[in-house]
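In what comes next, subunit A is part of two complexes: it sits with subunit B in the first one and with subunit C in the second one.
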Partner chain A sequence: MLVSAASLLLLVWVFPLLWAILVSLKSENEVLAYPPNLIFEPIAQNYKDALFGDFSIVPSLVTSTIVAVSTTFLTIVLAVPAAYAFARLRLPAKKTLGFYTLATQMVPPVGLVIPYFLILNRVNWLDTYQGMIIVYLTFSLPFAIWLMVSYMEDIPLEMEEAALLDKASRLQTLWHIIIPQVRGGIAVTVIFVFLNAWNEFLFAVQLGGNTVRPVTVAMYNFVSVEQTLWAKLAAAALIAMLPVVIIGIAAQKQIVKGLTVGAVKGGGRR
Partner chain B sequence: MASLAGGNGDLNSGEKRFAVLLTAPSLLVLLLTTTFPLAYLVWSSFQTINLAMPFLDGFAGFDNYIEMWDDSRYWHSIGLTGIYTVSSVSMQVVIGMGLALLVMQIPQGQWIFRIVAILPIVLAPVVVGLFWRTLMLAPNFGMIDFIIQWLGFEQVNWLGAPVPALISVIAIHTWQWTPFAFLVFLASLASLPTDVYEAARIDKANALQRFWYITLPLLRPAIVIVVIMRAMISLAAFAAIFAATGGGPGTATEILNLYAFKTSFIELNFGYGSALAVSLLVITMVVSGVLFRLRTARGAGGN
Partner chain C sequence: MSNEREKQRHIHGSNVSRRSVLKAGVAGAATLAAPGLLIGRAHAAGEHMDLDSFMGAGIDWHMADGAQINIGVIPAGYFKNLEAVLPDFKTLTGVDARLEMIPPGQIRQKAVLDLSSKTGTYASHSADPMYYQLYVTNGWIDPLDDYLGNGKLTDNKWFDFEDIQPGHRGATSVDGRPYGIPFDGEATIQIYRKDVYDAAGIGPAETLEEYESNAAKIHDPDNRLWGCALRGFRGAGQNMYIYPSIFRSYGGEWFDGDRITVDTPEALGALEYYVKLLNNYAPKGVENWNWPDIADAFGQGTVGSYIDAHGSAAVVANPEKSKVVGKIGFARWPKGPSGKRVTSIWNWSFPINGALTDKQKQATWLFNQWAGSREVQVATSYAFPGAYKRTGANRASLWEDPKFLDLMGKFGHNYVQAATESFANDTDPDWRPRLPQWPAVGDTMATAIQSALVGQATPADALKDAQKKIDKILKT
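What follows is the complex of A and B.
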């Protein structure tokens, strides 16, 4: 009884995905059959078209990879030292700066896409990788700092003290003692930043173009141009989402931990 | 919070200098990439910037804000933003909580639920919007349409009529993000101390009483965090609605976020679009301020 009720709810979340997989294996004629056929001969043509056809999504996959990987790398390099200082060191005006970082995270993206369009237009950086990556830092960096702080706070204090008594320099302490301790936290942060950058749409659709067209925009354009080729859309979308689904399933434990890191022990935090 | 050096002044100032050095790059980047564009946004909200009629461009004073005050489409979008946020966040919390309580009772196989719950969360909202627009809701094709007719109900033009379209975009958002609430609540439930429950069982408290007087208060921090995080995301929701309805039919699903976007990038009226975005920014700040105050007030009284 319990299990069947829960399973029914489960189905609500799996079904659209299973359905997309089924549709992606049908011919366009088969797709339009109503009521839908559950028994049909599966074909791979839609996937071939999505990868090698006229509207191949491969260039977009490359673009998304470049943008997401660069954003993730820059974010981590900037966020980890900052989070360490916020969590463990005496920092002048720490409260104000911490609040500032948190506040930047809450800015609605539409409030940024408008000025960025005008600014990037003026400096001719619309539809460029550097423009897109800078914009992506606006949501990834505050989030990464905030997430890393909660991991930094969990390191036992004695670790650093021991290192300081050995007269190791502060930078060496950070590099040799702290960073190995928060490797798990860094992994979680990398996953989240990558997922968010890969899935981003609002900035991509307005600040990108023919050179920088991430998969999310390619999917959207596909529907606008090819109104009814839904089997091809399903195939292309499933390919585009394959990386994040794989990461999601493989790193399921880390993601849940990242989602709940603030919530579960939330009571005691500022 | 924690600090290493005790009374040594030299060590202290060294530590401070080091801390400034570590945070400076991030803060500088945030200043340049977030604060500067926001200042630019506020500036442009006091300008007439219309790419369709550039000869009119210039300082506008409060004109954009005055126009906003008299703009029924603006107030309509505010109302929709409220309906969208309140209904989807409360459904996420209630359904997520119910599902978490249910799954907690299942002795084996909880991992299947965790895996399934991850899937909607990692999907791009724009893809979710497209899937629902085509595979789920399209007339004479979508699965929902098929089920509705199979059950003997009238066919509904889900995305083509105002009220069903609003219900649809709320349902899509709720579908994608309820697993988030579910996973947070599941983890919180698993971390609750078991001894209070045993004490309650000895006191012969029934399941409902145990939930109301023990579980719910213990989960309050998690609930408040989920509400804060989801409300922020909901206020700024864009891609799924944009992909599913584009704000339509007419303005039936045009929340403030979409209105600001369309005014800027479709009507090319960047001055007015900026003013709309500024108002969304202010609303977001007020809502988050209220929610955070709620959180600290309750946390102080609760524990």
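What follows is the complex of A and C.
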């Protein structure tokens, strides 16, 4: 009973994906056929076109990788110590600061486009990697800090006190005691931050350009004013999904652990 | 001199290929220092004539040598073709122009953001004709008569601005002054299944009334053939693309003095027609259909007729996507009760960003002029070796060029005639209300039209409501 309910749910979830896979293997003509052909000769042409055709998404995949990996790396490097400070140190105005950290998450992203555009333009960072990564940090960092704090707070204080008694410094404690304990939390944060940076569209299209053109923007090449090339679009989307899927699988164990341990329900900003 | 130009144009028109354009570019790079020599060589070596015909313009193409400009465009086949011949522009002018492909849904915001903050990121962009009032009112772009009238910058005998489709020039002008150089544009025409119409013993509609009765005669949803479809999706460029034509052909006027009127009896007649037609004879869900969806359905043989841009012929007559190739007929917009046929004057054009330096402005003007020139229009349309053939070339003279017509004629019955006659007789610059507040007005109207279509409001109430909102928009 439970199994059949679960498979039904899974089917609902997986249907769009299956559909996209089928579409990506059909010719443009077959995509629109009614009734849809379930039996057809699969072709790889759409993947070839998406990768090597006129509107190749390969350069954009490279861009997306640079942006998403850098954003994720910097986020973790900065968020872990910050979260530790929020969880353990006696900071002045800790509550206010904690709230302020989240406040930037409360503004609808579209309201930030114009300020970001003007600031980046002033420092000549429009359509640059550093500009895009810094903008992504402004929303990934608060989210990561907030997420990591809950993991850090779950670690028994005694473990840390033991380390401090053994004359470990704060940083040593963080490195040797805390981080191994919150590895799961870090993995979860990595996934969410990477996913959000990888799938981001609004800032990418407004603040990017020819140099920084992530795959979410490049995919629009297949949605032209003249027509929508569904099969190539599906192929491009599936290719763009791969890195996220790979990272997801690699960190799956940690995620499941993270879900049971902490407060990770619902995603971050998309 | 002008004789010689005539000759070159003639030769060029009859014998240009992508390879010759490229070769000309390479050869040109080597010999640009002595343009006089080039003209002399033109007749000896037929392959070099393309660049020579540019050199025939009495301007210094190298006036902005070394400048770098960004041009924002949408990812469309015609701009892809332009990008392919762009290296020739560098060779000709020494200007490094880069095209940036921006999704069609975002290009307007991105351009407005750039223009309003005067960042000068985009020297030019493929502009929506309906945005010129906004740009000009704010002084964001330069009037082009200053450029066109300056003999140092333009040789109009060569460029022949007046050859660009008059409807498109009108659409990119404000108070009689030109602000954009149209690159690719369209007319709206009737597209129908000739085989189905023939079997039913009917021809393309002469009037809107007949269009409806035609749809009724072929409507057979049980056998998956619906009578007709028009854009139903909500948006300034979607349902507010097709409704304005009906409104104008019902005799509607957008302006009453300074006021915009959208709830007149003519407006009501037009909206009632649109709602009734689509509810009776269009496939279910047409309120979410935009032009690609309509063309896809027509290509699959499930829609008997639609009215849309002449360029969509390229989709429905493409054997890779369509099952009705060889069965398609074309005709002008049906006449409305006022006796008028009104097509869209939609086109993508290139303005000049007012926030640029003088040198960049020169470079941008060279680009606009180059892209709009007959030579580049030819090189990116019938002479383009790639699979994509442009239908929206900007020049009236191209529609008299046998090579272009040869290609266009392949789309189906009466295509060339329907398109040329529409361009010549049916274009109407006041097709949509041209005013700086267009984005908000267009959006308000789009919502009203869709709510009437899906029955959330009666056409009369929807229009009254829209009128109130528009009055408010114009007051602020």
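Everything that follows uses one rule, which is that the second predicted complex is superposed on the first by the 229 of 270 C-alpha atoms of A that agree within 3 Å, B and C clash if a C-alpha of one lies under 4 Å from a C-alpha of the other, contacts with A are read in each partner's own complex, and residues count from 1 in each chain.
Please note the rule applied: a residue touches a chain if its C-beta (ideal position, glycine included) is under 8 Å from a C-beta of that chain, and two chains touch if they have at least 3 such contacts.
Keep in mind that this is a model prediction, so the values were computed, not measured.
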item: Chain touching more of subunit A, residue-wise (subunit B, subunit C); value: B
item: First, second, both or neither for A:N29, with subunit B first and subunit C second; value: second
item: First, second, both or neither for A:F55, with subunit B first and subunit C second; value: second
item: Contacts of A:L126 with subunit B and subunit C, given as first, second, both or neither; value: second
item: First (subunit B), second (subunit C), both or neither touched by A:G209; value: second
item: Subunit B versus subunit C as contact partner of A:A234, first or second or both or neither; value: first
item: Which superposed partner A:F117 touches (first subunit B, second subunit C, both, neither); value: both
item: Partner chain in contact with A:V223 - subunit B first, subunit C second, else both or neither; value: both
item: Doubly contacted residues of subunit A, that is, touched by subunit B and again by subunit C; value: 32, 34, 113-114, 117-118, 206, 220, 223
item: Of subunit B, residues touching subunit A in the complex; value: 1-5, 12, 14-16, 18-20, 22-23, 25-27, 29-30, 33-35, 37-38, 40-41, 44, 49, 99, 102-103, 105-106, 112-127, 130-136, 138, 140-141, 143, 146, 150, 175, 179-180, 183-184, 187-188, 191, 221-222, 224-226, 232, 235-236, 238-239, 242-243, 257, 260-261, 264-265, 270, 273-274, 277-278, 280-281, 284-285, 288, 299, 302-303
item: Subunit C contact footprint on subunit A (complex, rising order); value: 27-29, 32-34, 54-55, 113-114, 117-118, 121, 126-127, 205-206, 209-210, 217, 220-221, 223-228
item: Subunit C residues within the subunit A interface of the complex; value: 70, 74-77, 80, 98, 100-106, 109-110, 113, 117, 119, 121, 224, 292, 295-297, 299-300, 302, 311-312, 314-315, 320-323
item: Interface residues, subunit A side, partner subunit B - complex; value: 2-3, 5-6, 9-10, 12-17, 19-20, 23, 31-32, 34-36, 78-79, 81-82, 84-92, 97, 100-101, 103-104, 106-119, 134-135, 137-138, 141-142, 145, 153, 157, 160-161, 164, 170-171, 174, 195, 198-202, 206, 215-216, 219-220, 223, 230, 233-234, 237, 240-241, 244-245, 247-249, 252, 255-256, 259-260, 262-264, 266-267
